[in-house]
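This structure is in structure tokens; I'll ask about it shortly.
Naming follows writing order (A, B, C and D), and every chain is counted from residue 1.
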């Protein structure tokens, strides 16, 4: 199922090499100023082009099809579409027979029994995150004045990654990384205990982003090595501000008025041009695969706007649900 | 909102010092053998009593109120209740005025405006996980022959934690830890790309467990430091078995037939008996708090059955949803 | 699935001859005064006892198990239970073999494969509506000052039904009827176009009430014979009040500020003591059945509080959802 | 909210005079043959053109944007769009000030505070049902070999409606009618007791269709005048076939293997060209309105394919949910 959210409901659709990708947003409050230009900054940050990103170049021109009237959201469902243009589908067909290690090729073959669109990874493609980024632009307007900002913390284990990426491109390999996201200006009281905890809802959508394999809030895994007397954030003012923020701005699943802070682990792109051991699923024989196609050396580089969008979507839904 | 799941729908309820805790399970398949004795092993593992756990002793006797007929699930909603007995509510009232650092006291006060049950943390209490454990017992029967097993990896940063806990109890402090969960025997194909990825659905419910602040699948955060050539799991057989399991048994959000493996970071219990800096929310003045009440020095010790239950619930829902 | 509602979420459970019936309400706003005495008036109206109702007498004493603290809703899930007492289960077992015409016996046997609780119709029993009535009491407080009132319009086609019922009891037969429900004081703007239209949401829950087979809003089926010039309700004031109310207070799925008015058709109780043609599903042979057990001659008599409760629940959910 | 269904999830979008209307279908099983030509028969039946229908002529050419690969559903979300072409928006602007009696103009103005697209009734337009009809085409393939067929029973109270419509067109008035829908070939066991009863789920989606104000299953309102001995459908064979079908093929909310039969009341189109009493909502003064624009004299004529589609969607979701 491809929908997220209870009241701010985001449904993504599309395939990498099909006609389009896009998003349908249901439940958006009315009267929010929205134009196609609003999407450009985040789409530009997500777009490839820099060193370490895929040479596939898509214009990513969003088209608002429905739900906006005279420049404002009308209360009706908002559909935003992105036409696909720069596709080379010949690259992909053989992965249905010889799955790439670390990729969804194998599971898609078993689960979808040959019916899924394998071109450019089809509906599994990172390209589907265009719709997520578009919905995030709308979500940011809902949660304002709270702001969401993500930044790369490290790539390949290093905080100075320029050189590492150059080396990795030359080696036809790929790299993982860590991205941190900070939400400022969020009031006390968003989220619910248990199943709608802020961690649960952010966790749900963050792990929907391809390549993310870890998530920690506040002190996160470091908290596992701490004592309570060290981890507990001492209050410093009556509005709940704390001296430290080991809780990542969340107690009992609910925002406490301090910044919400979390980090994600991004695995290295699975599609690499080096020879890899795999098999032919039809014959059962082992074989060596060299992956063609155009891919990112380090998807972490393009992650911040996607992570911000996912976070804004989760928080917009929590805000609207909590307003009841 | 206190429900989880699309087809195997689990709703938890209750308060720490109210009449009961419990769970309502809707959508359970019919014809599953179920008796009150089935719950005892997991409840016993969750129960306190050992060193480092709270002295509060609850019998945790589950009572199947509805949904089971002649020893089998009937297809109707299953309600399981746990009566509360060993409660001492006098301990808690002052936390509404002087919130414990690291605890939900402050946010509950703001969000619930004085109406929430503060006794024993009310609906925020870890005691609510009795219902989760009970639902997990049912979920295990749905996902069989797949099995879920969690174990403690470290406490306070150490793999030899006995001594550390003794020391911590003496110091009136608390400790965090890391728990690993492994699902064996899971077939290829559970989960969906994006919002219903296995990571998303497990992430949602795992972060609903109080005190969990981090989650990583397979190589997790270590993947952020790896190259693709190292991280990609090489196939070794045509049924998808891989030489390594850096993906934690999940590609593209879908199980790949290898064990699903993940770890969680458990923060140290926030309630400690040492003096802590906090404030009086009514007067706005800073003050020193020494926390009375009965608490766990290390909640990690009681986490494995809760984590297993949450995982089984998530997988049962994915299995039933995928069966359509 | 046994839940209804997006934000005011009502889950009913229980069996006619099991330990209990009840309801779990999630998402109820906090701070609403609520005590067990609040339920008595509607439960009394629903209770049997009068002429034409079953001789089974249940005390229907509601027990608030969770979610209420110091006399007010706390924001946590509210569980209300009704213990079963006056059960005679020997009456029902043979209907699994020889299904009653017009009853759920046959479909339950096929669908639940022998696992469903057949005693007193188990989870199909009208007794499950105790939970609905209880949730309705809470819902009324949410939609106040809007009020919901249902009344019987006719029984057996007559507006003077006393005599008809006497006759029908003597004949061991049963009777259908029509109940009308009127919601006063509802503001303009509840409901949404299409899937969350007021008619859709009320229709969903009203047809969940056993025995209801027809529903019409405003002029309803009579509108099918009208011209637009006759059916259109002329405006008489700028706040939307209309001279007639053929629309039943709803335009485009949204309340228009006039009373919401609808009627339901209640079929005659299927369980009657007269001999009926049926079959033995095991042998496939046709047979004659005389139905024992204790039943209502005219369930319409007990319908008004159930219909009011269902309506209040639907409107409470629309109100909370629309408040976002 | 504009989505319907738990597993076969249909989200409609679009505006009457915007760029497009359409539908996003999530959860459709894979491997179903689907092409744009499949939609033409039902769209043609829905299309205007005959006597008594609007002169607005839309090509209604569906475009499958996503979710179909090599002629079969791929398991990914299916988006189908209809471009709008024949729009004349100048007709509508003044209804925001002077609402048409019986129409959504007034409630839309209050609820959407001037932000909703008023052109051609915007998102309230019957034109949005193109998406519903498209989803119905897919749904029919899921529920096959069960078939859904609707037919007009009466218009303006008459079974010979040709002449009545001619007269009504001449009078610039409109007409209501009754449409009956019959589902053949449906097995025993679809639907659930209470909230997911077949009546509830069909009721929910049927009342989402603009202009429908009444719904009755089987004997429906006539059942209210019957005795149980008359209404109960006597079994005539061991597979559950009954001599009569007063229950409309549904007992206890579950299909009983007999045809599912129901009728809907369609109100007369509210937009008529005759002078009507209304008001100016800005000035509060009463006024006379003559409605321009292009409208249907009798929307009942175009209702059968829409009603069939809605029914197929409801049943597809019940079938998939019940398959768990």
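Criterion: a residue touches a chain if its C-beta (ideal position, glycine included) is under 8 Å from a C-beta of that chain, and two chains touch if they have at least 3 such contacts.
Note that the structure is predicted; figures quoted are calculated from it, not measured.
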Chain B to chain D, fewest steps along touching chains: 1
Interface numbering overlap (same over half, different under half) for chain A and chain D: same
Separation of chain A from chain C, taking each centre as the mean of its C-alpha atoms, in whole Å: 45
Inter-chain centre distance, chain A versus chain D - centres from mean C-alpha coordinates, in Å: 37
Distance from chain B to chain A - Cα centre to Cα centre, in angstrom: 25
Multi-partner residues of chain B (at least 2 other chains): 1-3, 6-7, 12, 27, 111, 123, 321
Residue numbers on chain A that touch chain B, as the complex places them: 1-4, 6, 12, 99-104, 106-108, 110-111, 123-124, 128, 154, 156-157, 168, 171, 173-178, 188-189, 192-197, 199-208, 210, 212-238, 240, 242-243, 246-248, 251-256, 265-272, 274, 276-279, 281, 284, 286, 300, 321
Complex contacts: residues of chain C adjacent to chain B: 1-3, 7, 9, 11-15, 18-22, 24, 26-27, 30-31, 65-67, 69-70, 72-79, 81, 111-113, 115-117, 122-123
Chain D residues touching chain B - in the complex, by the definition given at the top: 6-7, 27, 29, 320-321, 323-324
